[in-house]
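The same chain A turns up in both complexes below, where it pairs with chain B and then with chain C.
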Partner chain A sequence: MLVVFLVLSAGVWQYANRTADLSYDRLLTGSALAIIERIRSRNGQVEVDLPYAALDILSLAPDDKVYYAVSGPDKSYLTGYKDFPPPEHYTPSASPVFYNTNYLNEPIRAVVVSKRLDDPGVSGWVEVRIGQSRNARNALSNEILLGEMAVLVLVITLALTSLAFGINRTLSPLNQLSRSLRERRADEMGPLPDTDIKEVKPLIASIDQYRTRLQSNLDMMQVFIADASHQIRTALSSVQAQLDMAEMEHDQDKLQNRLALIRNQHRKLTRLTNQLLTHALVAHRRDTNQFQQVKLDALLSAILTSEVRDHADSNIEFNYSNTHRDLTIDADPVSLRECLRNLIDNAIKYGPENNSITLGIDVEAEQVKIFVDDQGPGIPDEMLQRAVLRFERIETGKNTLGSGLGLGIANTVTEAHGGQLHLINRQPQGLRVELVLPRRRI
Partner chain B sequence: MKIAIRAAIVCLLSITALQAAERRTPSDQGFEQFTTPNSVKRLDIYSATDTRAIKPIIEAFERRHPYIDVRYNEYESTTLYNALTSGKIKGADVVLSSAMDLQVKLVNDGHARTLDIPESIDLPEWSHWRNEAFGFTFEPVVIAYNKASFENAPVPSSHESLVDALRNDPERYYEKVGSYDIRLSGAGYFFATHDTVVSSISGRILESLARAASHTYCCTSDMLDDLGEGKLALAYNVLGSYALARARKDSRIGVIMPEDYTLVMSRIALVPKQTDNFATAQAFIRFLLSKEGQQIIASKSNLIALRPEATGPSSIAAISEKRQLRFHPIKIGLPVMTFQDEMKRERFIREWSQLFDARTP
Partner chain C sequence: MRILLIEDNTELANAISEYFGHIGHPLDWCESAESAEKLLAYQSFDMLILDINLPGKSGFQLLKQLRAQSEEIPVLILTARAEVDDRVSALDIGADDYMVKPFDFRELAARCRALLRRERGNASNQIVCGNLTYDASTASVTLHEIQIDLRHREIQLLELLLNNLDHVLTKEQIADRLYRFDEAYTPNAIEQVLTRLRKKLAGSSLHIKTIRGLGYLAHVDD
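Our next item is the complex of A and B:
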């Protein structure tokens, strides 16, 4: 707005000056023409009879000084102010030429006009230069400037006022919105009050949508916490009960039996705790976005190596299937490792004693598929969808330490990587858990 | 946006400030600073005005400001102009002259300083220019006559009737008419040239004057002397102030203010750039124009006061009493410079000389 004001001011200033010059240049021309008309040659002499009107016209600018000079052919001085300056680069012409100069320490606006004399004995251009100080011009120009500036300031003030009014009016639904958000109770759901302003409607819709998503996350979290606490309490009270019973047991064999049960419960508890912590870890890492270039081959080999070592005393067979040794993807290596380890643990847990577990990679265009195959019972087709949800333990009828957290962790990690988690029943037997991840982050 | 609004406000304020600056009111009197007797201030007045005529005003000014010592230097108007522009006069604080054209030229050529004259001093529109040149008298240009010469004939009452009388009654006027020698008198040149501006018969007037073999003079007072003694019957274009003052003392002399038009000129005061005592000089001119100064001119001097509210024998009211007059004040401004054009002046004087040198003595 300031720039607009400055630009317009400069324009007005120029306009005022030009108008003032135009008006008073006419007087100068009139005066110069009146003088040049009175230049005659007589007996070979050029004579000027300065007309009274010449100075009378210029006294219409009542406070201005006037200087003039008349020169004959060959620039010879005839009358007036001998040293009154001519314009630079002047070619004699009958049409008036205006110029600015200085004379007697004052800025002067001047005009020069010439006339050709072709009389016996006298031949050549005679010239009239007449100049005027700038008081009247400046006064007129200031008057115009002041008037125009007043209008300009008025217009700009009006524009700013209406702009401020308009902005306030436009923003008022937003203010209302922020007020109603502020005044809402944390647990109050339901859509926000509607608005008439078209431009604000999408915003309200987005806020409502966001709140719905947030709420469903909160709901999930509540279920998670309820379920986790239930499982931990169940396991703890079971351990407690077994301990109480073990204390009163005097039979050595039965005591051993009890202790085995306690160990079993304890392992389940440990695993549950680990999975909960892992889930919290991957959820946190998802929120903080710790992505980097990961060499898949190295990562998978390391996981497999540690699994083999952990289950060296079992009959489980581990396989690795990868032809893409140099493959890298954008991923969070920590989450990915936890995720895969959980999937392998799941496979071990749900599979038979002589399980055969394969960790492998497929590449499909810009997608990388990491899969874990087992020889377990698989998941009934109608439950494949639900299985991915956390804590949705699959009813296999088999007594294992499953908590369902493993698939939940895998789902969270895949989502964080912008990928998908697929569960596929293999023929004739077994389950394939497949992480479909984009190679590069979008 | 806040910045822009602030800028607009600043702008509004500065415009208000500008307007406020324009409305400044100068102090009515600027005399206070001269009342302390620390030092005597000197004021050099260079003037083309009869010392006797101006004396009462200067004395009044000195009475009011005892610590200002006024030196008065009398010059002929053209000599004064030449001396000022050529630098022969140094240290002039005030210049007074009846040669309006030369005074205006001094202003135009940048020799004068701008004065601050309080608005309470009410001056006619025509009597000042650029706040530099200020007329302070009102002096009609008149025809004076010897009453005895017109005992049996009507006195010409206008320019027209003067031309007729000179033509129809040559015996009465032959060698009995006086007028200015425009080569010697700046005022005479000024009056003669302004006749040509105002009147279409100015050429005929000059011709008839030349034909009557009129005597030419340097000064009004000489013409008035010869009128009183009867050497002249009539004097054309003399300074009304002197003629009226003389007529009050010398009953042989009468004064006519031509009915068709009576040129009015004004003595012009200005402060030259060379002054060292600007404040004192400005105070003197304020005094000249003030009610007090004008009243002294009207009541005590031979000059005639410019401001119509002044009363006394030398006031506008007194001189225009009983008569319906067509006063034609010559406006102080650029146009009076026209006849100071070198070539125009040469030509006018040449033509005048041709007429008057050819007359038979």
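Our next item is the complex of A and C:
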């Protein structure tokens, strides 16, 4: 607003000056032309018959001083103020030329006009300079300026007031909204109070939606913590029980048995802790968006290599199936690695001793399927859906370590990548866990 | 036989010390990479058990520094699972083995023994992997201290695998080392050499895994 005001003020100032100059310049021209008309040559002499009426015109500005000078051919002095200055770089011409100068320590507005005499004996340019001090001119200019500025200030004030009023009015529903958000308790659910203003409705709807999502996240978290506490407490109390029994045991062989049981429980607890921490890790990474370009071949072969290394003494056969060695996808490599490692661990734990495990990919136009195949017992068809949920361990009758968190981790990671987790029973036996991921982030 | 344990958790370190004392391998213990540096400067050890997560300089930094000084001492890394990249990068920067906490003490002791034996072997051109010994100077292999007859290519393959323990070798990498460029070989040839080698080494501590679609990986299980 200040800039607009300054630009407009500069414009008004310019306009006032120009208008004042224009009016008083006309008077100056009139006088100059009247004088030059009366310059004649007679008998080889230049004569000036100064028309006092011409100077009278200028007395319309009573406070101003008028100076004039008339010179003949070859700049010879004829009449008036001899040292009244001509403009710089002046070429004689019949049309008047205006200029600003200083005379007797006063700023002067002046005009010069010339006429050519072509009589025998007298030939050349005669010149009339006439100037006037600027008092009346400045007074007029100031008068115009003041008037215009008053209008300008009025307009700007009006604009500012209506703008402030408009903004206040538009924002009032937002103020109301922030007040009601501030006053709400953290556990208070239900939608926010409705509004009549059409423009604000989508905002309120989005906030409500966001709160619903947040709440469902919190609910899931609560269930998760309850499940986790239950599992950890169960494992801990059974270790405690075995320790108590071991303390009372005097028979060496039985003591060894107890210790083996404790070791087994402890292994279970270790795996559970690792999986819980991994789950927390992938959930955190999902919320913080750690996506980057990932070379799938490098990631998958590194995962498989470390799994083979850890199970080199087993009879398990490991396979890798990837014909797209240069494929890159948008993914979070850390959570993808944790997820696949857990799936392979699952396959090893739930599968037979001579298991054959394949890590591989199928590439399609928009998506890539990363799969882990095994030769294990698979999952009963009616339980496929539930198996993806956390802690839904499938009872296959085999006593294995496992918390069922493996598939839960895979589910969280797939969701974070905007993909889907599929469990497929293979023929004649075995399970395929398949992560269907978009190749590029949407 | 001197082992230096670098571990800042006092309880774990005491437990490891006690266990190793029990089985007749007393070990020295210090709490940080900095004090380990001082100890290594004037004493010689046969092996390091190195925790990654240390106060001050990390185990990784110490290991990198040692390898940069071409210090060949065997190093076994201890790492927590939460440090997801540890397992891969530990081997990449020159650790000889790693264990993820929490671990089984019996397993730790077995791995240490394996590393120490392998190291002793290296000095005398011998590579010892549990019950299997390979002598590079005479190109001879013994299993349970009984000499085993291997063909030329089988020996080449065995040496290649022993020099790349725990790393995947692709079929192409193996072919490059086993065959001259003007020698024709079928893709099956390597598989056949490997099958014969596996048969002859049956019952050894060296496991050679085929990862179909990726390559081969040798691992010593003591």
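We take it that the second predicted complex is superposed on the first by the 282 of 442 C-alpha atoms of A that agree within 3 Å, B and C clash if a C-alpha of one lies under 4 Å from a C-alpha of the other, contacts with A are read in each partner's own complex, and residues count from 1 in each chain.
Note that in this section a residue touches a chain if its C-beta (ideal position, glycine included) is under 8 Å from a C-beta of that chain, and two chains touch if they have at least 3 such contacts.
Note that this is a predicted model, so its numbers are computed, not measured.
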Point to revise | Broader residue contact with chain A after superposition on the shared chain, chain B or chain C | key: B
Review point. Of the two partner chains, chain B (first) and chain C (second), which one does A:E199 touch, if any: first, second, both, or neither?
Key: neither
Review point. Is A:D244 in contact with chain B, with chain C, with both, or with neither (first, second, both, neither)?
Key: neither
Exercise for review: Name, in rising order, each residue of chain A that touches chain B in their complex.
Suggested key: 1-2, 5, 47-52, 54-56, 58-59, 62-67, 70, 78-80, 104-106, 146, 149-150, 153, 156-157, 160, 163-164
Practice item. Over in the complex, which chain C residues touch chain A? Could you list them? Key: 81-82, 84-85, 87-88, 102, 166-168, 207, 209-214, 217, 219, 221
Study note, to complete from the structure: Contacts from chain B onto chain A in the complex sit at residues 1, 3-5, 7-8, 11-12, 15, 18, 107-110, 129-130, 197, 331, 333-335, 337-338, 341-344, 347
Point to revise | For the chain A and chain C complex, residues of the former touching the latter | key: 266, 270, 274, 277-278, 281, 301-302, 304-306, 308-309, 312-313, 317-322, 334, 337-338, 360
